[in-house]
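Labels run A, B, C and D following the written order; every chain starts at residue 1.
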Amino acid sequence: MASEPEAPRRRHVGEYVRSGDWSDYWTTRISRAEGGKIWVRGYPIEELIERLSATEATFLLLRGELPDERETAVFDLALRCGFDQQLINSAACAARFTASAFPESAVPALASGMLATGSVTGSPQEPAQMLIDAVAQGLEESEAARRVVSGWLESRGWVPGLGHPLHKQGEPRALTLRRVAGELDGWRAHGRMLDAIEAELARRKGRQIPINLAGAVAAVLADLGFEPLMIGGLGALGYGVALLAHIVEEIREGVPLRIIPEAHGARYAGPEERHLPAGRNRRAP
Amino acid sequence: MASEPEAPRRRHVGEYVRSGDWSDYWTTRISRAEGGKIWVRGYPIEELIERLSATEATFLLLRGELPDERETAVFDLALRCGFDQQLINSAACAARFTASAFPESAVPALASGMLATGSVTGSPQEPAQMLIDAVAQGLEESEAARRVVSGWLESRGWVPGLGHPLHKQGEPRALTLRRVAGELDGWRAHGRMLDAIEAELARRKGRQIPINLAGAVAAVLADLGFEPLMIGGLGALGYGVALLAHIVEEIREGVPLRIIPEAHGARYAGPEERHLPAGRNRRAP
Amino acid sequence: MASEPEAPRRRHVGEYVRSGDWSDYWTTRISRAEGGKIWVRGYPIEELIERLSATEATFLLLRGELPDERETAVFDLALRCGFDQQLINSAACAARFTASAFPESAVPALASGMLATGSVTGSPQEPAQMLIDAVAQGLEESEAARRVVSGWLESRGWVPGLGHPLHKQGEPRALTLRRVAGELDGWRAHGRMLDAIEAELARRKGRQIPINLAGAVAAVLADLGFEPLMIGGLGALGYGVALLAHIVEEIREGVPLRIIPEAHGARYAGPEERHLPAGRNRRAP
Amino acid sequence: MASEPEAPRRRHVGEYVRSGDWSDYWTTRISRAEGGKIWVRGYPIEELIERLSATEATFLLLRGELPDERETAVFDLALRCGFDQQLINSAACAARFTASAFPESAVPALASGMLATGSVTGSPQEPAQMLIDAVAQGLEESEAARRVVSGWLESRGWVPGLGHPLHKQGEPRALTLRRVAGELDGWRAHGRMLDAIEAELARRKGRQIPINLAGAVAAVLADLGFEPLMIGGLGALGYGVALLAHIVEEIREGVPLRIIPEAHGARYAGPEERHLPAGRNRRAP
C-alpha cells in the first residue's frame, strides 16, 4: 500500500531572511542525481525504466511508493478516462486557437489549453476537496451528504462533480468509469460518498443530476489516496493527451490565423460611431 | 466621467443548446471591424492612435469611456508603480527559468512569469475585492474596518493588501503611490478604507503592518471604478514590463539551461537508495 | 539618447559546474533592493514613480536609460497601436475560451492569449529581425530590399510584416502608425527599409501587399533601438490590454463552458463507428 | 500497424472570407459526440475505457489507430523515460517558482513548467525533425550522418540530441532507454541514424558526445511513426508528471513567495545610484 511520509513544516521566506540560514531552502524528496547516477524516490532510475510500466512509474513518482496490483489497475483506469475531448470543450478550443497562431511548437498551445481546465470545464480538484472533506468528518454517509448538498446549494447554487450541460441522463465516460472502478474494487469511501451526494441532490431537486466525469475521476483518485491539488493536476495532464491530438490536427490540417467570423455569430453590441471631442488631444499624465 | 453601461445577463451554454439559437453567442461591446475600418468603443481607430496617449487609450479600451484629466493622471500613476521587480520576486524567477530554456521568443517566459503573479506574490485582485465589498456595505469606516479585519483574521490569519516579508516599515513603492495618489485626488473611499483597515490591524496586533503595493494599487484602481478581475489583470500586465526586462537580460546575458545547484542549497531529503522487490516486473493494468 | 552598455558574455551552466564558482550566477543590471530602498536602473524608485510617466518608466526599465522627448512620443505611439483586437483574432479567441473555463482570475486567460501571439497572428519579432539585419548590412536600400525579398520568397513564399488576410488596401492602424510616426520623426532607417521592401514586393508581385501592423510596429521600435526579442515581447504586452478587455467581458457577460457548436460548423470527419477486435483486452506494456 | 490517413489540405482564413463558405471551418477527425454517445477515432468511448490501457488509449487518440503489442511496449517505454526531473532542470524550477506564488491550483505552475521545456532544456522536437529528415533522404547511414553533423556544426556549432552539461559519459536514462528499446525491437531506422550521428560527431570532435535523453526519446518515437510536433508535445507531457510532483511538494512543503537571495548569489551589476535631472518631470507623449 502506498502511503506518504509526513511532510515537513512549510516555512515562509521571511523566516529565511531573518535567520540568514538558507541551507535547506531547496529541499526535495523526489529525486537525486549524483556522480552520474539518478534515483527517483530512492530507486535507481534504470530499474524504473526497465521494470515498471508508465502507469506504475507515474504513481511512484507522484506518491513516493509503488502501487500494488489493484492500485495500478484503478489508477490506469482513471488516467485513461480524461482522454476524449471534442470541440465541445473550452480547453480544446483555446488550444486550437493558440496552435493556429503559434504553429512552431505544440507546447504553447498545450499550456494554453491546460490553463482552460478551470473550475467550470471540469477540473476534478474541487469535487475531490468536497469528497475528502466529507469523508474526513466521519459521519454516516447520508448525513454527510445532506450537509454537503445544503452547504453548496446555499453558497453557490450547485454541487461540484454533478451535472453536465448536454448529457442529462449521465455522461458515458462517468458511467463507465464508475462501473469499471467498482469491478476493480476502486469505488470505495469517496465513491460511495459521491453516490450519496447524487442521491441527496436528486431528492432535493426532484430529478437526477448525474455524476459527471470530474466527479467520478475525483472519487476514484481520492479513494487511491491522492490529494485535491494533485487530482486537479492529473485532470489537466489527462486532458493534455487529447489537447495534443487537437493541436497537431490544427497545425497540420486546420486554419492558420483563425478568427470567429460574422457567419458564426460574431456581433458588435457596443456604442455607435462617435468622435473624440474637438480639441481633445493627448493629456500629459 | 467614465461609467460602464449595464452588462447583459450571462447565459450558460446549455441555454443555447436547448434553444438552438446561437445568433448572439459571440457578442462584444469592445470593437468592430467592417469594410476596412476599425472602431474601438465606437471611436474610429485613427482618432485614438493620433489623439490619445497610451494611458488614455488603455483606459478607454478597458472601461468603455474616456478618462478625464484627473483619471488620466491617477491611472498613469497606478500603471507605473508595478514596474520594479528584483530577483526578489517569484514571478521574475519563474520567467527567467523559462527564458533560460525557451530563448527563441520572450512570450512563453512572459506567460510563465505572469502565471506566477498569484495571491501570494501580490496580486491586487483580492485586496480590491475586499475594499470594494467593504465600501459597498455603506458602514462608517472604522466599523467596516473592524468587520473586515475580524473576518480575515478568523478565516485566514492575515489581511490582504497589508504586510511585506522584507519591508517591515513600509514598502517604498506603496508609500510613494499612496502619497502621490493623495496629491492627485486619487485616494478616495477605497483608499480611506484601506487606511482604516491598516489602523485597525495595528490596533489588534500592537504593531503596524503597513499597506503593501498590492493593497495600494488595489485602492487606487478601485477608486477609479475598476473591478477586481480587471485590477488583478492590470497587476499582471504591470509586472509584464519588468518581466520583459528580466527575460531579455536572461536570454542575452544569463545562463542557458539554468539549474539550482547544490552550492545554492539543493538538497535531497527522500528515501535512501532502495531496490524494486525481486520479481517485480511491469504489471498489466 | 538611450544606449545600452555592453552586455557581459553569456556562460553555460556547464562552466559553473566545472568551476564550482557560482558567485555571479544570478546577476542583474535592472534593479536593486537593499535596506528598505529600491533602485531601478540606478534611480531611486520614488523619483520614477513621482516624476516619470508610465511610458517613460517603461522605456527606462527596458532600455536602461531615460528617453528624450522625441523617443517618449514615438514609443507611446507604438505602445497604443496594438490595443484594438476584435474577435477577428486568434489571441482574443484563445483568451476568451480560457476565461470561459477559468473565471476566478484574469491571469490564466491573459497567459493563454499571449501565447497565441505567435508568428502567424502578427508578432513583430520576425519583421524586426528582418529589418535590423537588412539595415545592418549597410547596403543601399533598394539593393538590400531586393535581397530580403528574394530570400524570404525563396525560403517561405511570403515576407514578414507585409500583408493582411482582410485589409487588402492597407490596415488602418498600420497606415496611421506610419503617418504619425513620420510626423514625430520616428520613421527612420528601419522604417525606410520597410518602405523599400514593400515597394520591391509590389514590383515582384505586380500588386501591392501593404505594410501590416506587425511590420509597422517593428520598424518604429527598431528605429528606437529596441532589439527583436524585446519587440516581440512588447507586441505581446500590447495585445495584453485588449485581451484583458475581452477576458473581463467574457467572464462578466459571456458564456460559461463555451463550445464550438454544430451550428457553427463543428463537423466530424474521422472514421465511422467501429469496434475493438474481439478478444482485444488491455495489453501489458 | 498504425498508419494515418492522408490529411486534408490546410486552408488559410482568407480563403474562407473570400468564399463566404464556413461550413467545414471546424473539422476534426478525432472524436464525435451525438445523442449522448461519444466515439474516439470511431470507437465507442466505453470500449476504450473498459478494454484499453492508458498507454494504448493514448496511442490511439494521438495516431488514429490501435497499437500492436510491440508498439504498445515501446511507446510505454518512451512515456516513462521523461519522468525524472531533479532540481537540476529549468522546467522544474520555473514550475516551483510559479507554484510558490499561485498555490490554489497546480495548473498555472504546470503550464509554466511546460513552457520551459524549450529547445535548450531538451525538447525532443528538434532531434526528431533532424532524424526524420535524415532518414527520409534515403542515403546510406554514415553518409547521411556526415551531412547532418556538418550542417549543424556549421549553422549552430552543436548537434541536437547529443551531449549533456553534467553527464559526460552518457545520461543514465538515455542509456537505459536505448538498451531496452533495442530489446523490444524499438530501435530501428531513426535509432540507427542517431547512432551514426553520434559516431560521426565523436570522429570529428575526437571525443564522445553521447546521446542524451531528448535524442533517444526522439529516435524511439520517430521509429514508432510519430511526427516532430507531436514528439515535442509528448516530451512536454512526459515532463508534466515530474512537474506535478514538484509542484505539489512546493505547495505543501516548500516556501511561499520564494526569492533568489543574496546568499545564493543574487547580485546587482547595473549603474550606481543616480538621480533624475533637475526639472525632469513627466513628459506628455
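Assume contacts are C-beta pairs under 8 Å (C-beta built on N, C-alpha and C of every residue); 3 or more make two chains touch, one makes a residue touch a chain.
Worth saying up front: this structure is predicted, and the values here are computed from it rather than measured.
Undergrad: More than half overlap in residue numbers between the two sides of the subunit A-subunit B interface, or less? Answer same or different.
TA: Here the answer is same, because the shared fraction of interface numbers exceeds one half.
Undergrad: Any idea whether A-D or B-D has more C-beta pairs in contact?
TA: Pair with the higher count of C-beta contacts: A-D.
Undergrad: From the mean C-alpha coordinate of subunit B to that of subunit D, what's the distance rounded to whole Å?
TA: Those two chain centres are 31 Å apart.
Undergrad: Once you find the CA centre of subunit A and the CA centre of subunit B, what distance in Å lies between them?
TA: It comes to 24 Å between the two C-alpha centres.
Undergrad: Find the geometric centre of each of subunit A and subunit D from their Cα atoms only, then give the gap between the two centres in Å, rounded to an integer.
TA: Using C-alpha averages as centres, the distance is 21 Å.
Undergrad: Which residues of subunit B are in contact with two or more other chains?
TA: Correct list: 8, 12-13, 17, 22, 25-32, 48, 52-55, 76-77, 86-88, 104, 107-108, 111-112, 115, 117-118, 165-166, 256-261, 264-266, 282-285.
Undergrad: Considering the complex alone, what residue numbers of subunit A touch subunit C?
TA: The contact residues of subunit A facing subunit C are 53-54, 76, 86-91, 93-95, 97-98, 100-104, 108-109, 111-112, 115-121, 165, 256-261, 264-266, 282, 284-285.
Undergrad: Quick check: in the complex, which residue numbers of subunit D touch subunit A?
TA: Interface residues on subunit D, with respect to subunit A: 7-8, 10-13, 16-17, 20, 22, 25-33, 36-38, 40, 45-46, 48-50, 52-55, 57-58, 61-62, 76-77, 79-81, 83-88, 105-108, 110-112, 114-115, 117-118, 123, 125, 166-167, 169, 172-173, 176-177, 180, 227, 229-230, 232-234, 236-237, 240-242, 244-249, 251-259, 261, 263-264, 282-285.
Undergrad: What residues on subunit D touch subunit C, complex-wise?
TA: 8, 12-14, 17, 22-32, 39, 41-44, 47-48, 51-53, 55-56, 64, 66, 69, 72-73, 75-77, 107-108, 111, 115, 165-166, 260, 264-276, 280-285
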